[in-house]
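Each chain carries a letter (A, B, C and D) given by its place in the written order, and its residues are counted from 1.
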Amino acid sequence: MSKLRVTVWGENIHEWKHESVRLHYPWGMHKCIADGLNEAEDIEAQTATLQEPEHGLTEEVLARTDVLTWWGHCAHAQVEDKIVARVQARVWEGMGLLALHSSHYSKIFKALMGSSCSLCWREAGELERVWVCNPGHPIAQGLGTYFEIPEEEMYGEPFGIPVPEEQIFISWFKGGEVFRSGCAWRRGNGKIFYFRPGHETYPTYHNANVKQVLKNAVRWARPAGSIWIDDAPNIPADKAPEPIEVRGGSVHDAHGKIA
Amino acid sequence: MSKLRVTVWGENIHEWKHESVRLHYPWGMHKCIADGLNEAEDIEAQTATLQEPEHGLTEEVLARTDVLTWWGHCAHAQVEDKIVARVQARVWEGMGLLALHSSHYSKIFKALMGSSCSLCWREAGELERVWVCNPGHPIAQGLGTYFEIPEEEMYGEPFGIPVPEEQIFISWFKGGEVFRSGCAWRRGNGKIFYFRPGHETYPTYHNANVKQVLKNAVRWARPAGSIWIDDAPNIPADKAPEPIEVRGGSVHDAHGKIA
Amino acid sequence: MSKLRVTVWGENIHEWKHESVRLHYPWGMHKCIADGLNEAEDIEAQTATLQEPEHGLTEEVLARTDVLTWWGHCAHAQVEDKIVARVQARVWEGMGLLALHSSHYSKIFKALMGSSCSLCWREAGELERVWVCNPGHPIAQGLGTYFEIPEEEMYGEPFGIPVPEEQIFISWFKGGEVFRSGCAWRRGNGKIFYFRPGHETYPTYHNANVKQVLKNAVRWARPAGSIWIDDAPNIPADKAPEPIEVRGGSVHDAHGKIA
Amino acid sequence: MSKLRVTVWGENIHEWKHESVRLHYPWGMHKCIADGLNEAEDIEAQTATLQEPEHGLTEEVLARTDVLTWWGHCAHAQVEDKIVARVQARVWEGMGLLALHSSHYSKIFKALMGSSCSLCWREAGELERVWVCNPGHPIAQGLGTYFEIPEEEMYGEPFGIPVPEEQIFISWFKGGEVFRSGCAWRRGNGKIFYFRPGHETYPTYHNANVKQVLKNAVRWARPAGSIWIDDAPNIPADKAPEPIEVRGGSVHDAHGKIA
């Protein structure tokens, strides 16, 4: 099997403006995430950022991306709608998508969910304990029954998401809240995984368990069948599987255009 | 229980441009749909159309709408994004939505689904037989095991939707195709029902079974609990359910703004 | 609307054997649960117990039960398979079912889920904080964003259930675990709600919020359409919706029996 | 990757009693299904039948089975409950299961679904056209937008199943019915696929497209992570992730047994 081609997308702003972030991610959060993935021999991760032309997500880049990971926070609005639509169409075809942490509010995640994606939050560097809901799940491999992140932002319920198709993780926070931290859905032919941890001012993406989850998740999100090209074909009466005769009126002309 | 307040939204274009449509709907498709709903004593349906200011969907109208039905076809692109966002937010709060026929491609339905919503189609006035998947379901009340529509457009699989949370109807077409004709989902606190029949050049909305389905479906989609106001509150450390101390850095200033 | 007819089923053993249980439930846990429900004017709750003939769940009792609540713990195995099958068939018809606390391991809940329904647990009288995942949901009415139960048994993930069709509550435990405390599914035409709290040695069913949840949940589980009678009819060729001719062999004789 | 180990289970009765079946399956239906799977280099299929000790499904056989396929019809009741429970537990661990055709009424499928699994039916050797609902799905690889089986038994809606977690196929029948022909669910850590075609008196398992579906489906159902051993551990207070003190009464003695 050829290597899994991952593109790690980063908003790439906090790292340069805030010392508290640069401290943990001197080469950018995206670089740290990609490095973690590249520890695996079967994964080949490259990066793309907001500041690049087309945010680094050209047709060519997406065409050779099996799984895209997304981290954004303060600049969701700066992502061009044209690029969001392009990524969404590629997910429908079969590309996997990992939405990380504050990307719950990214344009692409909200567009795929169709819901508010809201939550409550607190930035207090508190303990997060991530519990595994299915110990046999591909995304939970190599973890114990739970793992801890000593300092994390809190995200709490209610989380405004469609009912998850798979529930992989739920988090316990020291301050008293809970959160659906690992959830999976499919849209079209693509698999989507939301993973909660990853606040910019803590070294979360250096955490061995978090790195393990990301490796597991990109493997899980890998396209498994073939591409589904979006299409809405007209099947004229003479091409119907069963013989039929055309009846009734139409607002379309003989070429299928609305008159 | 007070009457169920339904707003029937219509694109309201074919009726005036195409004799083949006006023939069946001389006062507009939306008027016919609303009349059908108003046959029921517990339902109070009014109409709104594309051409009205704010497409007839002002904040005030939506605030007093329990369930919105939507029919559009040739002018999906003319619906303002601002109004789509307003309707979507109202669905998250709890308003029900019925997407009818070609509204599979409406901005609001696509925004709620997050998927392509594509399908294949044929306009040949062929027999559609609508099968009931759960005879006890509220939306299937008063129907037999199936009902027929003598002349309808064909919609065929694959239908590019997220997996339905409830499958109420599946259609058989004379020309040989099948389609998931009645599907339900929830987004936020709102219920969504897609119902396939309703092509503009056939008298579908005069069909007794179709009228029954619409009455059943608006009752089913009625908000059942309370409103869910979208919100993403910060829970400061001193308001946490459990006592915690703040640790770590932040990109936010003391007022919660990004520095 | 006529009153909602609820049958509260109780295993009814701990109350008579253990002082620590009788202390809180001198007339039995089932009596306390029924009393709580009967506070509501629209609900009429009666009780049934393991010790009664047919466990109090005769055909007649079930026929006039809209929603059945179930609490069992140490005597799951004593429930007759015949009665379990009867209850299950009634759920398929449309009767609602609430499985309470240790009933995660009851025969009826396991039969409806098809999964192990396992979990981890600890009996330490610790704080449980029950978070609401959809504040507008009918089952969450009248609660805040969360409610607390000062002393409860802990149930922790992984919970061996099929993916919930609706996630209403998730619990946080003082000792560090989380649990999907309020989950909904449908089987056939019946709605099923699992609700975690309710350990026998604590006064949980006297808790105002727990009583509110139970009232909300039986209302939510009320049959909403008509009954779905289980059936597997043969549709002979001359009764097919479309004309067909019989072809091929058969292992059935002319009466439909296997030869 | 090592070969996928499939066990093809057959009821193995019709073949010896009915000439109309033996005609198509002179060595048994299970042998034909296994032969089809063994055409693939990555699959190693063996058979097991009702008549063998423990129905051929010993602990050892199941332990080295990645995916089990099941075909039964007239002897569902003869399958021992002990063996059904063993298979079910193995599915929870992660073994895949394919339930074929009349196995909708097998003990194992009903036990995993928790619903009636009823349907309507007609044995008339009519055309079945199987439509693909997601062209990119692993189970749909190598098929067109649909495929036809010239002679099949009809199964029609309503199909008494829990809402499918994935809808892969829907069938159109010449006589006018529709059916959810390819549906997927998970129970515990195991994947389950129901596939409708496969009536005993027609040569369905010789059909190239059907053989392709079965190959695809066993690959899809392959366990993807690790085994999930069913367990319900007590986590004593001194092993809790967070420090707690035990409070309240208990019906358990110091050894965790009910007193």
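To be clear about the criterion, a contact is a pair of C-beta atoms (placed from the backbone, for glycine too) under 8 Å apart; a residue touches a chain by one contact, two chains touch by 3 or more.
Owing to the predicted nature of the structure, the values given are computational and were not obtained by experimental measurement.
Under the contact definition, chain A and chain B share the contacting chains C, D. Between C-D and B-C, more contacting C-beta pairs join the chains of C-D.
When every chain is reduced to the mean of its CA atoms, the largest separation from chain D belongs to B. For the pair chain B and chain D, the distance between mean C-alpha positions equals 35 Å. Chain centres here are Cα averages; for chain B and chain C they lie 31 Å apart. Chain C and chain D have Cα centroids separated by 27 Å.
The residues of chain D that reach two or more other chains are 120, 129, 134-135, 156, 158, 163, 165-166, 172, 176-177, 186, 188, 228, 241, listed in rising order. By the touch criterion given at the top, residues 93-94, 129, 134-141, 146, 148, 165-166, 186, 188-189, 220, 223-228, 241 of chain A touch chain D in their complex.
If you check the complex, the residues on chain B that touch chain D are 120, 129, 131-135, 145, 156-159, 163-167, 170-173, 176-178, 180. If you check the complex, the residues on chain B that touch chain A are 14, 17-21, 23, 74, 88-89, 92, 105, 111-116, 118-126, 151, 154, 156, 158, 160, 162-163, 165, 174-177, 185-188, 200-202, 228, 230-237, 240-242, 244-252, 258-259.
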